[in-house]
Each structure stands twice: as C-alpha cells, then as structure tokens.
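Down below are the structures I want you to see.
What follows is chain A paired twice: with chain B in the first complex and chain C in the second.
== the complex of A and B ==
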C-alpha cells in the first residue's frame, strides 16, 4: 500500500480512506480496475468523472455496499474486508445515496431511530422530541414528524445527510448530491459541507461538474472508464481546461467548445440561438392542467409554444411537473382543462395513434421501462412504432421488419450482434440509440426528449445531441427535459423553467445562469417551508 | 346477543392469529399466500399431538415446529432460489392442504377426519357465557398488542418495515433484508400454528381435511384491508368474522327461506367487498395490483 505517484500531504496520520488496487466487476463488465488512492483526513475531496467512470461504484466500495473482486480498503488506518456495511459504518463511513435510501412512508424521526444507536421500545412523540432536538442542533431545518414522501427533494437530501450524521460519521461520502438540486440548493449544500469540514469531518463528494468541483473541493480525483486517471490532486493548482482534458481524455480534441463545456459542467458558454421567430408552431399548449397524481402535483395552466426547428428546454428541480408535462402531451394523462395543438390540429383528445400520425415522437424518461421491452428482441422493440395505428388486421411481416430494423440500427450506429437479441443485453447508450432509431424518423414533427442523456457516457451523449440538432435542422420541434442545466444551455434555443407544475419563466440567449437558477428555486422555497410546517 | 359475541370471538380468533403472521411477513416485503397451508398444518399438528401424545403442550409445540419448517421452506424458495412469492405461497398452501390429508391417511387409514378426546383448556365457568371459549381467545388481545409494540414501536419493527418498503435503504444501513425476512416468516410460524390450533382444538376438538376452508386467504385479505397495520388488520379479521357469525345467525332464523349455502358464502363475499373497498380507498386498484406485481 504505497502509492508513490500520489501526492501526499503533511502529517503521518492515517488517511481517511485508502484504496489499494481495488477492482470491481459486475458480470463481465469491469466497473473499477486496480484503483489506488489515499484521501487525507479533514479535507473535502472530489471524485470526478463522466457517467460510467466508476464514481458511484467507488463510493459504494468505500461504504461496504459493494464487495471488490480484488484489492482492499482501509478507513482511518483500519482495514476493511469490503462488502460489509456494518463494519464500514462502525469505522465511521457514511454514504449519502444519489437516489436517497429512505423509506417513503417513514417520518424523519423514524428514519433516524431506524439507523440510530438507541434500541428498545419507543413512543412516537418520544422519538420525535428526541430527534427534533438533535436536528435543531444540526441546523438542517427539518421537522422530525414530517413524512419522507411529503418532503421536497432538497429536504429529503437533508434528511439523508442527517441520517448519515446520526452515527457520528468521520468520513461522509455524498454520491452526486448536486444532481437533484437547483444552483441555489447546491450553494446551501456546499455551505453545509464546509461547516462539516470545520467540525473535523472528512467529506468525499462524487461529482461530474467541474464548476462545482472547483468551488468546493480541496483535492480532485479523476476516474475514467473505471480507471484512476489522476489524483488526489490539489484543487488550487488546477484549471477547468486541465480537468476537462483529464475527464474526457483523448476525445476532448474532437469536441466543439460548447459541447465540451456542457459535458464537464464548466461554466456554460453563450451560444447563438437557431430559433426562427416566424416558423409555424409544432406544438401549442393553452392553459393546460392535469389532475394531481398520487404523491405529486398536476400541471396548472401551462402555456407553451414550440416552433418548428426549435429546441425548447424544460428546466427545473426534478418533480416539478416535468413528467406530467410529457405525459400530457404524449396522451398518457388526460387533461382536466386546456388545449393541445400539434401543428395546427387540436389533439388533446386524440388517440395515441393519431398523435403519432401527426408526427409526435417520444424519448421517454425511463428507457428501460417505458422506452424498451427488455425481454423482447431488438427488432420487435424497433417495429413497435409501426404497430401503432393502421388496421388491426394489417399483415405483419416479421422478415421485412427484421431487415428494416437492421438497416435502421446500422444507420444509427447501434452496436449489436443480431436483431433477435434481447433489448436488455444492450448497454445504456446502445439502448438509447435503438429508441432514437425508432422515434427520430423522417415523419417526426415534434419530439419529446425526456432526460435523453441521463446515465450515458460521452460517446452516447454526443450521439443524442447530434440527433437532436439533426432533427432541428429537419424542422422538427423539440422539447428537451433535462435536470442538467449545462446540457440545456448548450443545445437549447429557449429555456422554460417549471416550478410546481407551472411554467414560471422563459429565457432566451444569451443565458443568464443566475437568473435561471433563481427561477428554479423561487417558488420552491415556499413549498419547502410549507412542508416543514 | 351473548351467543353472537361468543360465535364471533370463536370464528374471529383463528383469523386474527393468522392475520398477524401475514402482517409481519407483509411488513418485511413478503406477500404471504402460504398462510392457508400453514394454518391447516398448525390445526392438524395440534390435533395429532393431542391424539398421539395425550398432551395439549405437545400438540401446540408440534404445530409451531411444523409451521416454522414450512416458513423455512418458503423463505428458502423465495429468498435463496428467488422464486416468485405468489406462486411459492400458493405452492405452500397446496403442500399444507395435501400434506395434512396425507398425514391423516397415513396414520389413521382413510379417514377424512380425526377427533381428539379433549381440546385446548377453556376459560371455565367463572366467565359465565364465555366460559366455553379457549384460553387462546383470552390471550389474543395481548398477542395483538405485543405485535403492535414489536412492529410499530421498536427499532426491530422499523428495520422490518424498511426491508419491505425500501430494501436498499435497509441494505445501506447494514441490515440484511433476506435475514429479516427469515425472522419475519419464523415469527409468523407459531402464530399460524396458534390460529390453526384454535380453529381445530378451541371448541371443536376435531381435525378434518380442508377444514380451514379458505380462512388463510381471508387472513391474507385482512392484511391488505388493514393496510399492513397490526391493529387495522385485526379489525379487518374481526369484520370478516362478524359477517360469518351473522351469517350463521341468519341461517338459524331464515334457514327455511334462504339457501344456507348462500349465507355460508357471506364471509367470502365480505372479503371481496373489503378488498374492493380498500383498493378504492387507496386510489384505484392500480396501486394494489402494482404492489402485488412488484413483490
């Protein structure tokens, strides 16, 4: 355990976390390969990398959730066998998960009692009083009696952090904590992280945005494709250009500056808008409202116009009506009031087949659930589109569909062996390309792209962006929902911010990053206060 | 009126015990369709214990042991072999119904029923009209209370609920959902055995093939109707039992005018109605069918 190529700080005290040749395999995929790194105690460490770089796996190894195939971990000098959460927690490691690990029906007090040190019988009022006092001491502004499912997402994260702090964590790992936060929420989180550091807690942040890393971290460690590229490096010696090189690697040179900045979350550049103010509208929403779903709010009086040849981004903290908006336009949720026009035809009562005939295409939020049938062959997934509409008795020729699918996959550069292979056997990027090949045909007039690049690596992300731009130049209107502001800033012509099911603000180039962030949180704050009352 | 209350307690108590087993399993994330099989195994083992060993204690112990063995088998099939819970539970029910019939034939020849010379201890004449009820009826409120304490007011209960509701949350804090499910099923074993024992030896002192007649499934329905809460599910079981007791009463009064089979079907009709109602209360049956499908 002597990683001589790493920078070592002063002081011979044991590092907060030391990884020695850690290798993790999932099936035949190597998620981490021989990662060696030492993280000093009492500092803020950032682990940085693209999707699929192995960041989350690394965090989970440290927390004992994933058993490494080879190598070992030690925490504050204590050797951990790996794959043992109890041992890791006893050593002082706590992990705040990306999609929080909190049972939704529990109250905050129950969550804390569930992980906390006090066994035995309790009364509901007793634990609420006990944990409320403790929470107030932490200054998180959480109500111990509130149920997790009623809390806004930022408060859920606070609850998760509180959960992690119950057992006096000495090494707190946060996995992509900013992915669900508004820029303002990110600021508050970072202030909290600095406060924890002052109290002597070592913090490791798994991030993928350079801007955020440079704002908070003392050291930076970069992973790419499961391998350690560099680190921990002192953050103050680094520039965003140098980090971008490290994150993207050899591909960096081939990317244009705007895409590169968007990929790595360096400050978004201004770019020119392509929208044509006099192009005919591809989509018009007039005062559209939907009924609230269980555990959420519906849309309320949304007005929105998307012109042909325009990419309109929907920004907002997750859970503010983005899913409901896509479901309403796609015809999956009925409207309670309002009108939807595709091109100039009224469509709010039209069938799915009619909407598709009118050129509506959907790249859904959950590609493995809504977008593909993982247990079905690729060609069936691809040809599902042809089965919408038309006569029920129309003849289906599997052979023709198979060869058409094969042709389409080749055009879209899908890596596959056989059109008969199951969709579930493809990687995320290839699976998304199968959906693109189905949805982005020449008949597409309005494309709903819901988080189309989430979880994809650089190559696949670039392919999606290229496809969206291609569709724009073919005069399709595009609605792009993304929680990644950098992505929106890079490829959108206009950005609409959604808060609590309402379209609250519209922005055009040049982007005012701060203003967009403020719009995302303005009404959000009220909601948070409401929930904690 | 007293007769009605006695009949009500008599038919409700077995349901309550079995329902509690279902609630514990459901909290841990298992939809326990094997309740029927475990209940009849408990009933059979109790009577056989009494007949063969002349001892109620041996009978109850035998019931608990066999039910725990079935619970262990269920856990192994579901958690280790990763079989579908619904199918495995139905299989367990089949095993219980068939296994008890087989045991009866193997031990007593081809009889459809076996009766014991005595049953569970009764409360005695000091309790007046209720003196004919078994001690398990009197113990039932305490068992319900203990289950409520365990599930809703201890850290063990929170862990169990986390395993059922969000297994990753449990795993992330070092709780193994598989182990917790084993504990939950093993806790349910003796409860099912008590339910079966009360059914067979509480007032009847007889075991007959298929004598549970769907009461295990009724308990399962009570788990859903009671939203997985021990008190709610207990009330739901009593609701089903009340309908049954009223049915018997109606049979005595109106038996000459209404076919008795129709009145005997009342508890089952109430079960279906209860399920429909609980689905309506929770926003359409999409939610409950999704829960069933996911688990």
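== the complex of A and C ==
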C-alpha cells in the first residue's frame, strides 16, 4: 500500500474527490478509460472537453449514478466503489443535472422541505420563512414562495442548486450549468458559485467553453475521447490557446482560427459579413404572430428578412420563441396574423410540402424525434423528403431509393454498414449527417437549421458548419437557431436576438459581443420590473 | 443468417413454442398431447377435401388480415376488424336484397363493393375521431365491434329477417343461389382470385408506393413525418379506411360464398383471429398470407375435432391463445435469449 493512500484517511488533507483508474463502458463504447485525478477540497474545479469527451460520465461516476467497470473513487477520503448514489450522497456529493427535474407546481420552500431532513407538519408560511432565511444565507437570490414553473430557467437552476445544498453537500457538481444561461446569467451563476466556495463548498463544474473556465475555475481538467488529457492544472498558469490544443488534440492546428475559437468557446473572432444588401430575399416575415402554445408564448409581430447567400443567426435564451419561429416558417404552426414569403411567393397558408417544393429545408430541433424515425431503416428516413410532395399512390422503387440514399450518405461521409439498418443505431454525429444529406440538396433555397450542432463532437460540428457555409455559397438563405453564441458569432452574417417571442434586436459584424448578451436579457429585466411594480 | 430469413425462423420458433405450451396444457387436463396434436394435423391436412376446407377458412381471414397489417403498420391499432367485417356483410346483404333479379355479373360486384363501403365507413368514424379529436382508436373501434354485433342482430331479426327461418338463430333471407361465389363448405376460384388480388395489391401498396413507405415511417414516428411535410392525417385516414374496406370485403365474401345468408352469430372470432394473424406476420403482407392459411387450417381442424375424434374444439382456442401469448412476449423473449446466448 502506498503512503499516499494512507494519507487519504487523514481527513482534512484528503482530496474532495479522487478518481483511481476509473473506466466506464456503455456496451461497446468506452466512455471513460482509466481516468486518474485528484481534486483538492475547497476549490472550484472545471472539467472541460468536447461533446463525447466523457465529462458528463465522469460527473455521474462521482455522484454514484454510474458504476465504473474498473477503478474506484474516494470522496473526502472515503472510499466508494461507485454506482451507489446513497453512499455518494452520504459522503457529501450532490449533482445538478443538465436538465432540471423539480416538480413544477411546488414552491421552492416545498421542494426544500420535502428533500430536507425534517418531514412532518408544517404551514406554508412557516416553511417559507424558514427556508427564505436559509436561502438568503446561501446567496442564491431565490424567493422561497415562488413556484418552480413560474421561475425563469436561471432561477430553476438556482433552485436545483439549493436542493442539492439542503443535504449539506460538501462537493457540488454542476453538469453543463451554463448551457441554458445567457451570458449575464452565467456571470450571476459564477458569482453564486464563488459564494459557495467562500462557505467552504468544493465545486466541480462540467463545462465546454474555455472563456467560462478561465473566468471561474481554480483548476482545469481536460478530457478527450474518454481519456484524461491533463489536469487538474492550475487555471492561472493556462492560456486560452494551450487549452484549445488540449481539448481538440492533434487536429487543432488544421482548423481555421475562428472555428477553433468557436468550438472551444475561446474569445470570439470577428469576420466579414457575407450578406449582400441587394441579393433577393429568400425569406420575408412581415409582422408574424402565432397563438401561444400551452405553457409558452407565441410569436409576436416578428419582422425578419433573410437574403439569398447569408446566414442569419437567432440568438436568445432557450424558450423565447425560437421553436415557434421555426414551426411557423415551416408551416406547422398556423399564424394568427402576418405574412410569410419564400423568395417572392406568399406562402403563409401553404403546406409544408408546398414550402419544401419552393426550396424550404428543415434541420429540426430534436434530431431523434422530429428529424429521424429511429426504429425505421436509414433509407426510408432519407426517402421521406423525396416522397412527401407527391401522391400517396405514386409507385416508388425501393431499389432506386436505397441506392440514392447510399450515394447521398457516401457524399456526406456518413459511417454506416447498410442502408437498411435502423437510424437509431447511428451515433449522434452520423445521425445528423443523415439529416444533412436529406435536407441540404441542390434545391435548397432557405434552410432552417435549429440547434444543428447540439451534442455533436468536433468532427460532426465542423461537418455541419461546412455544410451551412457551402449552402450559403450556393445562394441559399440560412436561418441558424443556436443557444451557443460562439457558434453564431463564428458563422453568421447577421444575428437577431429573440426575447419572449419578439425579435428585439439585430446585430451585424463587427460583433458587439457584450451588446448581444445584454439584448438577450434586457427584456427579461423589464418584465421583472413590471412584475415588481 | 440473412436478415430476410431471420423473422421467418423467429415466427416458426414462436409457433413451435406455443405448441409446446399447448401440449403441456393438454397433458394437464388429461388429454394426450401427441394424440390431440396428431388429430389437429390430421383434421387440417389429411381429411378428405382438406385443402378446400383450409382455403374456405383461410382466405377470408387473409383478406381481413391484410387490412389489419396496413393499419397496424401506419401505427393505428384498429381493433375493429370484427365490426367492419360485420358491416361489410350487412351492407352486402342489403345490396343483395335490393338487387334481387339482376344478373349475377352485375349483382356480385355491386354486393362486394357495398361490403367494402360498409367496412370502410365503419373504420372511418374512429379514424376521424382519432385525427380530429384525438380519441383513442383502440377504444372506439372496440366499441364499434359491439355496436356492429347488435346491428347484426337487429338486421337479421328485422329488416332482412327470413320469414321462413326456424331454429334458435335469427337469420337473413338467403342471397340468390346464382350469386353464390362458392359452395357452403368449400372455396372457389372466385374467392381465390379475390384473395390473390388483395395480397398482390396489399403487397404493392405496402412495398412499392409512397403510401407504404410514409405510413411505415409514420407508424413509428409520426412527428418526423410531419416535419417532412407529409399529411399524417391523410395517411391515417387512408390506412383506417383501407383496413375497414378489406374487412368489409371479407364480410361480403363470407356472405356471398360459404354462408349464403347472415346469421346473428356470424363468425364471431373472425376479426380477432385476423388481428392475431397480422401480429404473427410482423406487419408483412406476404407473411400474413401464409399465416392466414395456417390459421385457416387450425379453424378447419377445430371443426373436425369434435365430430371425428370426440376431442374438444376448444383445443384450437388454446392454440390461438398460446400463439397470442408468445407473439405478445415476442420482442422481450427473443432479445433476452439473444443477449443470454449470444448470436
């Protein structure tokens, strides 16, 4: 037994988390391979890497949600076999997931009461008073009486953090906490995290943007392809360039500087706009409004023009009308008022099939629901676009469709064995390429790309960007919805910010990055002020 | 193992497993398993005129089952084959009544079309309730079965009642002898031709048309098909109506062929057996054809058993039930076995 191991039992000097050769496999895929790292107590640790690097898996191992195939972890000197949430909790580990799971009809106080240590009789006012004091101590800025469903997403996240802190977490793990936040929301989150650190909590943040890591972390650990590349390294010794190389690996030098910065969330680069002010419009929206969906807002008098040969980005905190915008342009949500033109044809009453005929293509938000039928063969998924315009009784040749699909997949470098294999058997990146191969044909005049790179690794992300730029040089107009501002700054020619179903601001190059971030939250503040008045 | 052969072997294995289970049940109630199964095989395939009996029972089932395959593939669990089958027979019987005196060459096709229209209408209202109001088609089509059964009682004891009829069961006046497309206990070239046409058109529709591919996709993920711009409602209604029309066609075939008249307890298991056939066939029209003939053989044997061997015909019900059991467990059982023993 090595002396290092003996020391771990000593308590105070024990690391908050030590991973010993942790290996995790999901079927044939090795998600983590022999990761060995020590995280000191009382500091803010960032775990950084691209999609598929194994960050989330690592966080889930630490929280006892995933049983490692090999290796073990210890928390504050306590040895855990892994795969036991209760043991991890008892040792003081809490994980806040990417997606939140608090009961929407509960108040914050009720949530805390029910996860808290003392069940029993209570009055609503009593628990609100009790928990409000506790929340104020944490500095989370939460109102104990607010219902979860009424909270903006940033505050829901705070409620999740509060929920985690009720059980006296000593190691708080936040999995991609900034993915759902505006730039300003991220800053406020970081302020709260620093406050937690001041109170002695060790925080581990799973992140994928260098800028955020350098802003908050004391140490940085980089994962790539399930392996530990480096870390924990002292953040103050690191530069953005060095981290970018660690994250991307050998290919880093081959990437364009702007793309590299956008991929790793380093400082955004400026570039020239490709927009041609006298190019014909590919899409015109005139004061478009839609009925509010259950639990959401509709569009409200959106004006938007996209010209042939430009990429227009839609920025905004998720849930501010981006979905409604895409659905309205696709003809899946009826308009309550306003007009939609594709090129110069008015099409707000036309079916999606007719709009497709006019050159509309859609890369939908949910790849696995709206984009593909996972249990159907690949070639059927690809063929759907060819068939929808025609008669249902049109005779088709499966053989011809199969070979056309096969050709398209080869052109798009999809990794597949057989066109008859189920779409669900492909990785996320390959699945997205199947969608690209279907939607980005030569007839595309207006492409709606909704979160097209979400969850994709570097190779697949680059393929999507290349495809969008290619379509732009073929004079298609492109609407790119993304919650990743770096992506928008890198490839868009114009950015429109959406708040509460309205297009509130338009930005052109050179980007005023702070101003875009402010625009995303400005209207929120107005609403909050109205509410308090 | 080729991917084409695999489902065939899988289905064969299920039927074998079901027969093993049946043997256990037979043994438990004191019947000799080998003797009973032997008698069933004998009754199905080796009695005089066995093939004609198999076709007599198998072909109408085949027609209905192809329809069920079409609606199941599109993702709609049209459980109403029985009701649509009844409505087809009822409408064909009314048409036969009104057409009395016309030549067979006109009357038979008209009755068939009336039967298809009746079945289609009985599938249309659940389809509309589903796509316009979101009503669960399992519930509505099942309710439709009950209503159709009552309608059949009403028709046979009311408007179409045979005044000379005697016995416990009310029945309708027989259709004109010249219009019968088969004898009472057999099949005929006309019925074989109709069934062959249904299989051919069904296969073409499912495998060689836009409707086939889009309905297959919609059956698994309607949201995706919507985002591709397909009219999912139109696909749904077409699938419902087609399956209803085929069940209705089977009803008119039964009326104009072996039965010759409606009776209030007319083939009460037809639709459910057809659903079972579609499930065993795994959504393939060609497989449904073969399996329908297999079930036709079972039915034919079931009628033979009590008469010729004194064995209970409920033995056939047990076989049906066991097959249903294994088909329901299908995915889970096989995945479990594969995972355990490797491929």
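What we mean here is this: the second predicted complex is superposed on the first by the 505 of 533 C-alpha atoms of A that agree within 3 Å, B and C clash if a C-alpha of one lies under 4 Å from a C-alpha of the other, contacts with A are read in each partner's own complex, and residues count from 1 in each chain.
One rule holds for everything that comes next: a residue touches a chain if its C-beta (ideal position, glycine included) is under 8 Å from a C-beta of that chain, and two chains touch if they have at least 3 such contacts.
What you are looking at is a predicted structure, and each value in this text was computed from that prediction instead of being measured.
Chemist: With chain A superposed, do chain B and chain C clash or fit?
Modeler: On the shared chain A, the partners fit.
Chemist: In the overlay, answer first, second, both or neither for which of chain B and chain C A:324 touches.
Modeler: Neither chain B nor chain C is touched by A:324.
Chemist: By the touch definition at the top of the document, which applies to A:85: first (chain B), second (chain C), both, or neither?
Modeler: In the superposition, A:85 touches chain B alone.
Chemist: May I ask you to decide whether A:218 touches chain B, chain C, both, or neither, giving the answer as first, second, both or neither?
Modeler: In the superposition, A:218 touches no partner, neither chain B nor chain C.
Chemist: Would you sort A:395 into first (chain B), second (chain C), both or neither based on which partner it touches?
Modeler: Only chain C; A:395 stays clear of chain B.
Chemist: Tell me which partner A:371 touches in the superposition: chain B (first), chain C (second), both or neither.
Modeler: The answer is second: A:371 touches chain C but not chain B.
Chemist: Touch test for A:110: chain B only (first), chain C only (second), both, or neither?
Modeler: first
Chemist: Go through the superposed model and pick first if A:128 touches only chain B, second if only chain C, both, or neither.
Modeler: Neither partner.
Chemist: Of chain B and chain C, which one contacts the greater number of residues in chain A?
Modeler: Touching more residues of chain A than the other partner does is C.
Chemist: Per the contact definition in the header, classify A:102: touching chain B only (first), chain C only (second), both, or neither.
Modeler: The first partner, chain B, only.
Chemist: Once the two structures sit on chain A together, report how near the CA atoms of chain B get to those of chain C, whole Å.
Modeler: For chain B and chain C in the superposition, the minimum C-alpha gap reads 6 Å.
Chemist: Where on chain A do the contacts from chain B and from chain C line up?
Modeler: Overlap of chain B and chain C footprints on chain A: empty.
Chemist: Using the touch definition from the top, list the residues of chain C that touch chain A in their complex.
Modeler: 3, 204, 207-214, 216-217, 220-221, 223-231, 234-235, 238
Chemist: Which of the residues in chain A end up touching chain B in this complex?
Modeler: Chain A reaches chain B through residues 63-65, 84-86, 88-89, 95, 97, 101-106, 110, 113-116, 118-124, 163, 294.
Chemist: Would you mind writing out the residues of chain A in touch with chain C in their complex?
Modeler: 330-332, 351-353, 355-356, 362, 364, 366, 369-376, 380-381, 383-385, 387-398, 401, 420
Chemist: Under the touch definition given earlier, write down the residues of chain B that touch chain A in their complex.
Modeler: Going through chain B, the ones touching chain A are 149, 153-155, 158-159, 161-162, 165-166, 168-169, 171-174, 283, 287.
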